[in-house]
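Once you scroll down, you'll see the structures, which are given as structure tokens.
First chain A sits with chain B, and in the next complex the same chain sits with chain C.
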Partner chain A sequence: MNGMDILMAVIGSVLVMLFGIFFGLVFKGIDRVLSARMQARIGPRVRQPFWDVGKLFSKENIIPENAVKWMFSSAPVLGLASSAVMLLYLPLGPLAPVLQGHGDIILMLYLLVIPSLAMVTGGFASGSPYAAVGAQREMVMMMSYEFPLAAVVVSIAWKLNVFGIANPFSITSIASNPIWMNSGILGIIGSAILLVVLIIVTPAELSKIPFDAPEAETEIVGGLLAEYSGRNLGIFYLADAVKTIVMGALLVAIFFPWGIAGIVGLAAGSVGAIAADIAFFLLKLFLVLFVSVTVIRTSFARLKIDQIVYTYWAPLTIAALFGLVLIIWDLNLLGIEWYPQVLGGW
Partner chain B sequence: MDASLTLETGSGFWTPVLLLLGLVVCIVLVLIIRAFGEKSYKRGTEQTKPFLSGNAEGNKDAMHVRAGNIYWGFLEALKGYYTPTVGAHTGDVTDYLIWYIGVMAVVLGILLVGVLL
Partner chain C sequence: MKLVKSLDKSLWVFHVNSGSCNGCDIEIVAALTPRYDVERFGIKLVGSPRHADVLLVTGPVTKPMRERIKRIYDQTPDPKVVMCVGTCGSTGGVFYDSYTLDGPIDDVIPVTIYVIGCPPRPEAIIDGVVKAWAKLEELRGETKKKEGKK
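This part shows the complex of A and B:
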């Protein structure tokens, strides 16, 4: 590793983090407008989240007298920084990850826990009963959605491994070999089930309705964020925006990694092709987030914490494992003569 | 970049040094962003009291939510599993030995059937 590599990694990290913050806030604005329209309201303007952050940063940064002050103040910083770090391992359309080849999707599973743990730490450090209840719920929720999430990841890596793809847990390998490829009808159905599972895991990762029991404004007045205000709350707001982009980019990398430049006849590697692919990536990103965040949070009411646990441990885990079983059957049947003729052709 | 810094885990891999470098860069950037925000607040005033929906704060020691409640949602959702499991923990060593011998008998039976077949 030379100095130039390190310098490029540092510059790349800064740019990617600013990308995540900007487009995370843009999506929040779009999400609020679309959710409002689905409820026959006008809603705010798309730029409202930027104004919200500006206003939070101009308000007093109150630290409660019961709080563990250093922990209370450092939790938002860790939350935003750890959310941004995950973007360094994800391909952003045609742009390779900043830390490509230096971390796989297992690392991503671990990193996904850190922003939630930062919120839990901040909640417990608040010295408030509401925040403590919210932090406890967040911990329980983390234990719940990890199982189906891990089942999805293992299923995908297993398939790549069967096909002899090097580094099956590498996100770049996963994005280069979409799970839909080399599949018969059972494999397509199995992959679609895994997609649905990951779409339902996403709102829990982001603490969105119906999985927002840790915050639950109408019940525990914001839960683990109850005592936060000013710039600390603003930083948590930005962390949520960045993590939203992380989850969207992960969904796109696993299930919809294709570009559009080749289809419209742009020369590979040209500026036009890169611009088209970035625009297409953002379109895919906002579409998967629209389904997994906006539609779900607008369509459902909040679940109780025990209902959340049951949802992830029973139906979703079984669904993820069933998706894996279908993919295994599909690969076994592909070797039999009649299967590709009767049910294949995909 | 130097591949020797990358740790192999069989199927997986990661480079802790670069992870830490990325994290440090992001933390520095967050601190810069944070520095643009208002730092002050009125210490020792009403605004630093915990928000309790208008209720007066009681004894601080009594206001904590006990750690024993942490897993309530988890235990409630999976009580179909936990209730009989907890019931099986009688605290009687004789019961545990019966479980131990019973499970051993089942495992040996399965092995025996496997060998005979």
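This part shows the complex of A and C:
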């Protein structure tokens, strides 16, 4: 990298982080309004999360006496920073990732762990028994949802590898070769199963109901965040907002990477086309997050931690592996004469 | 202590029961239900006093609760508002002068808003929140005046 590239990367990172924070908070607002409407309530304004953040940043920042102070105060910053770093590796609609060519989806799998790990560190460092219980639960949950997530990633990379695409783990090649392409009926079903698995993994990544046992307000008074107040709590709030966008952008990049500009008939590369694609990307993002966060959060009650582990290790892992098997079968069957015509009848 | 305008629009509430009969607590829960839906005003029930802006204290403060109430008050970050819900907490109510009590609440911690009733209706609790806004508005005005004089 020469000096110009580094400068561009720095400016890009700041812009992407602002993008993540802004739309993360907007989504939080939309999520709260829609969730309220589903419960026959009116709900807050869409800009409610902005007020929440403004208020949290103006409040007193208490550091408990028996906390490990440097760890307690650095955990929120680490959480926000690592969430924002993930956005740098993800394509945001028509905009290529800021750090294109530097990281792949395996790196994403590791980076996704860091915000949760920051919360665990913060929880243990806060010296409260409630936070310690929450941190333990978060660690157990991290172990449980990793396996189905890895199974999804492996299936996608395996398929790209079979078709001889270079760098099958790179997010750009995953986004430019959607998993639905080149598949027969079994492959479509397999990909749909993987989509459902990833949609159910998302609320656990974000600690949303029904997988919010680490932050359960009603039983362990906020769990991991029990001792956080003021600015530190506000930074965790922002980190959560950014991570929501990260998970949504990951889902969109893997399963729905298409743009709209070509369909509407705008010339590729023109300002109008880019604007339309960004708008379409946000629409896809909010739709995906609406299903995986809002609908699931409103329709289910909190699961116990052992139920969460069971959900991820048994049904979801089996489902993800079954999806992988379907995709493998599909590619083997594609050579047979009658098989590709099954979908042709539709 | 800084009083920003966002505070009015996102009051996070922590509910403390200092020996109440659960009547007021049920009415507080009723204020959160779809019928009254206080989330419209950005009000949210939180699980930890560290996250709270408003302490919603019910009950006449029994002797063992005195120290706990004080500690919860100290654990809440500034700026904070204390709302006393129910007649018991405001005056002692039917338990007035009882040997088991250390209350009412304003003997233990400073109270900003009193909501009277046994139990108060959810409308009264929401009205109490409106009074809290007025109070915050007043305080903000005073801080501005002070800064202006400087």
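By our rule, the second predicted complex is superposed on the first by the 341 of 346 C-alpha atoms of A that agree within 3 Å, B and C clash if a C-alpha of one lies under 4 Å from a C-alpha of the other, contacts with A are read in each partner's own complex, and residues count from 1 in each chain.
In this text, contacts are C-beta pairs under 8 Å (C-beta built on N, C-alpha and C of every residue); 3 or more make two chains touch, one makes a residue touch a chain.
Everything quoted here is computed from the prediction, not taken from an experiment.
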{"item": "Chain B versus chain C as contact partner of A:R37, first or second or both or neither", "value": "neither"}
{"item": "First, second, both or neither for A:Q136, with chain B first and chain C second", "value": "first"}
{"item": "Chain B versus chain C as contact partner of A:E227, first or second or both or neither", "value": "both"}
{"item": "Touching partner for A:K69 - first (chain B), second (chain C), both, neither", "value": "neither"}
{"item": "Partner chain in contact with A:P168 - chain B first, chain C second, else both or neither", "value": "first"}
{"item": "Partner chain(s) touched by A:T218 [first = chain B, second = chain C, both, neither]", "value": "second"}
{"item": "Partner contacting more residues of chain A (chain B vs chain C)", "value": "B"}
{"item": "Contacts of A:V14 with chain B and chain C, given as first, second, both or neither", "value": "first"}
{"item": "Contacts of A:E60 with chain B and chain C, given as first, second, both or neither", "value": "both"}
{"item": "Those residues of chain A which chain B touches in one complex and chain C touches in the other", "value": "58-62, 130, 221, 226-227, 230"}
{"item": "List of chain A residues in touch with chain B within their complex", "value": "1, 5-6, 9-10, 13-14, 17, 56-66, 76-78, 80-82, 84-85, 88, 98-99, 101-104, 106-107, 126-130, 132-133, 136-137, 139-140, 143-144, 157, 161, 167-170, 213, 221, 226-227, 230-231, 234-235, 238, 304-310, 313"}
{"item": "Of chain A, residues touching chain C in the complex", "value": "32, 36, 39-45, 48, 50-55, 58-62, 130, 216-218, 220-222, 225-230, 233"}
{"item": "Complex interface listing, chain C residues touching chain A", "value": "1-7, 9-10, 34, 37, 39-42, 45-48, 50-51, 53, 75, 77-79"}
{"item": "Touching residues (chain side chain B, partner chain A) in the complex", "value": "1-2, 5-6, 9, 11-15, 18-19, 21-23, 25-27, 29-31, 33-34, 36-42, 44, 47-53, 60, 63-65, 69-74, 76-78"}
